[in-house]
Amino acid sequence: MAYGGDDVTAQLQQVVREVFEHPTARVFPVTSGTAANALALSATCPPWGSVLCHDTAHIMNSEGGATSMFGGGAVMRGVGGSGFRMDPDALQTTLDAVRWRDPHHSQPAALSFTQPSDFGTIYTCAQISGLTEVSRSAGLRAHLDGARFANALVALGCSPADMTWAAGIDVVSLGATKNGALSCEAIVSFDDRIAEELVYRTKRSGHVTSKMRFQSAQMIAYLTDDLWLRLAANSNERMAQLAAGLRDLEVAFVNEPDVNMAFVRVSDDVATALERDLWFYRIGTGVIRFVTSWQTTQADIDATLELFAAAL
Amino acid sequence: MAYGGDDVTAQLQQVVREVFEHPTARVFPVTSGTAANALALSATCPPWGSVLCHDTAHIMNSEGGATSMFGGGAVMRGVGGSGFRMDPDALQTTLDAVRWRDPHHSQPAALSFTQPSDFGTIYTCAQISGLTEVSRSAGLRAHLDGARFANALVALGCSPADMTWAAGIDVVSLGATKNGALSCEAIVSFDDRIAEELVYRTKRSGHVTSKMRFQSAQMIAYLTDDLWLRLAANSNERMAQLAAGLRDLEVAFVNEPDVNMAFVRVSDDVATALERDLWFYRIGTGVIRFVTSWQTTQADIDATLELFAAAL
Amino acid sequence: MAYGGDDVTAQLQQVVREVFEHPTARVFPVTSGTAANALALSATCPPWGSVLCHDTAHIMNSEGGATSMFGGGAVMRGVGGSGFRMDPDALQTTLDAVRWRDPHHSQPAALSFTQPSDFGTIYTCAQISGLTEVSRSAGLRAHLDGARFANALVALGCSPADMTWAAGIDVVSLGATKNGALSCEAIVSFDDRIAEELVYRTKRSGHVTSKMRFQSAQMIAYLTDDLWLRLAANSNERMAQLAAGLRDLEVAFVNEPDVNMAFVRVSDDVATALERDLWFYRIGTGVIRFVTSWQTTQADIDATLELFAAAL
Amino acid sequence: MAYGGDDVTAQLQQVVREVFEHPTARVFPVTSGTAANALALSATCPPWGSVLCHDTAHIMNSEGGATSMFGGGAVMRGVGGSGFRMDPDALQTTLDAVRWRDPHHSQPAALSFTQPSDFGTIYTCAQISGLTEVSRSAGLRAHLDGARFANALVALGCSPADMTWAAGIDVVSLGATKNGALSCEAIVSFDDRIAEELVYRTKRSGHVTSKMRFQSAQMIAYLTDDLWLRLAANSNERMAQLAAGLRDLEVAFVNEPDVNMAFVRVSDDVATALERDLWFYRIGTGVIRFVTSWQTTQADIDATLELFAAAL
């Protein structure tokens, strides 16, 4: 059976319910994180609504306006906070300033977390709960962009349930591609109304593949026997080693590298020297980004630190 | 002839070309400022583009996401600057940070001025030119939201051409409703590509009324014999008198009241006392907004100042 | 108070409830019929839904795709039937062929009547009820495009309630412009969910005018003391006289001119001769359209018939 | 490099140019046929436009309105014709009836072929050329939905160029998934304006996967050494054998099985009997659909014919 009507996808449904300890969770495999985020939010926020997220959120800065397109003109609004995390007071201030039910003003309808943030920091479960308590009391539902979901989970040492529905999250973008899978992401919904819309929204946006079973099979393997956690643990640990080594070299960080991403401050000369042997992004002036993966080895880290020592 | 195919609308076309001193300007009467802004921008910015505007722009804060809806998911991005005006350096910084032609990032395509701003301040023609020079060199076209266009014109003492196409503006939302007319706004385009799209975009959004001739007739009268300027001059002058009187009373202003709007700081007690006899908006805590109109008389101002003196 | 927050619009709300004999009806004044139709349908049909209507429906053929734009990509599907009216059996066949809940297929969600049709024919109340019984049992809600609502009402001799909610209609586009008013149309909703959405949808599409009170005042006058019915009765009666005269001249009709529109078959020579003195539309080859109005007089009809007699 | 910035995708670009014998063709890998079709059309038809296609086109009937969603409200209009193919005269009649440049009427902007049709029939290259000559002279561009592109190519014995740009096609949905690949489809554009838009439209709809290289690698292998043609040839030949066998059994066909699909008329009893051992779709009453694939063997066909013989 094509288009997700197959047994493997049905089995994935069960696996997700077990892993997330939620009896009615629904899973929708898609092929990209942008699809997962924008479709999840389009089912959560009406066209006249707004999605609140941190000023640095991936959905606002790196998806070409996908949320507004799939959202029928819904807008995104930044909420400030240090550590690339929304601050509960800033959120409360934003919500207090809303003219509710006044159609001249986009009505906040969804809160979206980037977990981990695009700058490698994470919210604790308590921080997520704290924010969703504020937003929920104003009627918003909550979305978590988990392109690196497993990395956050491992760093927090909590369960998938703890970090999502138990902390007030209604719908999750569950990424596997960055942690080893092939074009394999999924939307996990804990809210029946969201799930009902996603049945239609995924298809008409071309995100229901005919051979979905191959995505579902990957996702089952990924979620089974803690494979996802072991892969994420490797990337987090390698980053911890890299960060420790860089600190020994007195390199400064833009972020706390909570997971597998570090943003470090280096001079242009150092960056240029490193570029001969390493692959990384330059983020504006004087900052470069390192990301470790499920494949990164101890030897990779050692070699990187040696190159760093030489370049400094 | 219905739907703008009439002689009066044809005559308006000529009047607009004369008043704006532009031989190929095109005019599209619509019935609201939100329609004028969002439709003009939808013809200027592609769905994957972004509209840059001041953080306090009306289009971003008070139109319920209309620009994103009509724009097919185009987003709006705030540019900072004092006096409720975009700052050229802030604009340049924003443009320098863009990853051009990278589809992960909304591509800036339009710069939108709110002239006067929602806080009663105006850009000089030189300020408009300075900003459009920056934006034009990055390929953006420019829109001016002129819900109170005539008030700005009178305050600047310049011609419609000076404040628009001669300063780099491609398309204007020309408001008449706030200055005496009835559901009478218009889009004025100096760019043929924008105008071509507006033929279709206005109709399919329900903004081509069958009896357009009654809007066109109003707009012709409005633009003839300086009626629009005389009406705006009255409201600006009354506000100048009110502001002078309030300064004598040592009332503080949030803005420079360049046109017919003042935002003044008063205690809650004073605001409550004034509300018995006056009608105004409270803007957050400790600020109230006064707007004078084409109908406001010297006696109205005197009475207001007396009430103020009593309340303080 | 601007934007419909005024007393006149509040009074219109009451008038509409009385005229439609519905205690919770909600009215939304807009400035065009296209706006009324497309906004009403966007609040009735989800983006993944389809609107069923007659193959000749105005919404499908003459609004530039407005329903699909405001509907976020909702599609329109034609249902056949003679007399420019949907046929219950054709509707049933269409609904029987739907693969319900299969997201590959647009899900019918709304049935839209053009009453009168663009070809001057009307549904009886029983015909409307018969069709909505079919559609309602499949879960569709029903919309009535009443650009010439009063003309149909007068022709049927029924009450507004009879022709709408009592016959299964959930939301109406109530036109007044074609029957004497100025840019004055309204959406009347009998369904709270539709009304709730319209609060936001009307504003963000630029269809909430700041001086709405002038539309509301017109609509109150229009609905009071049977003014709307008297105006419509005049146009219907004049058409009946014209049609009788044309039949005496052995002119053939495309339609039964139930209201104030006749589509008559004439040779090109006759059409050309008539065009010297009369204004009408040519509809394809060999058919011309006549419309009478609230202003048409007996003398107009006599003169038209004389011109016809001469041209034949 | 992620998101298509890799060497494999660059190589695919060259392969596509060679295979299609077009020096500036551009290829955009996506993961579903719906994405390919709707995105290609959204870059070809403006929001106020219409896409003309056969009444039975896949885009109109089986993609949940994707073309209207991505098209910003663009509509689809059916054109009749026998054999599930648009008829040139019907197309000309449709175009002649258009009120060009009248914004009340959706403006035809694209012609879309389903090749092969959803009912297993194909257009010859001359038929495609004949239709695009008609549409091109009215200013339309042309799209070909080639979910089973290779099957049509093999059946026609022509080159990819013959069936596309040389026959007036501007943009193609090139399917590989149904012919053996995994979530591997592509848009191939011969028009620079379409390609420029697709850079942004693919990303913001979530159809630019980060590991695009795995799709590109599949597509390169698919297009190399005639693999795609050999796979398609197998499915076409198996269907020819099946069809010959069924004709011997005096089974009637709805279609000419030009490629690998047959729609055959059987009684309900026969269908029920066959369902015990075979997997197929029932299409309405009395018709079942058989599809052969790149994997189907001679033995499969023999077995199927035996089951048929037994069931009849």
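Note that the chains take the letters A, B, C and D in the order they are written out, and that residue 1 is the start of every chain.
Just so it is clear, contacts are C-beta pairs under 8 Å (C-beta built on N, C-alpha and C of every residue); 3 or more make two chains touch, one makes a residue touch a chain.
Everything numeric here is computed off the predicted structure, so don't read it as measured data.
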item: Touch-network distance, chain A to chain C, counted in steps; value: 1
item: Winner on C-beta contact pairs when B-D is weighed against A-D; value: A-D
item: Distance-maximising chain from chain C - centres being C-alpha averages; value: A
item: Distance between chain centroids, defined by C-alpha means - chain C, chain D (Å); value: 39
item: Rounded Å distance, chain A centre to chain D centre (Cα mean); value: 35
item: Rounded Å distance between chain B and chain D, as computed from the means of their C-alpha atoms; value: 49
item: Of all residues in chain B, the ones touching two or more other chains; value: 47-48, 63-66, 69-70, 72-73, 103-104, 200, 203-204, 208
item: Complex contacts: residues of chain C adjacent to chain A; value: 3, 46-48, 72-73, 101, 103-104, 107, 197, 199-204, 208
item: Sites on chain A touched by chain B in the complex; value: 47-48, 50, 61-66, 68-76, 97, 103-106, 284
item: Interfacial residue positions of chain C with respect to chain B in the complex; value: 30-36, 38-39, 63-66, 69-70, 177-178, 182-183, 200, 203-211, 214-215
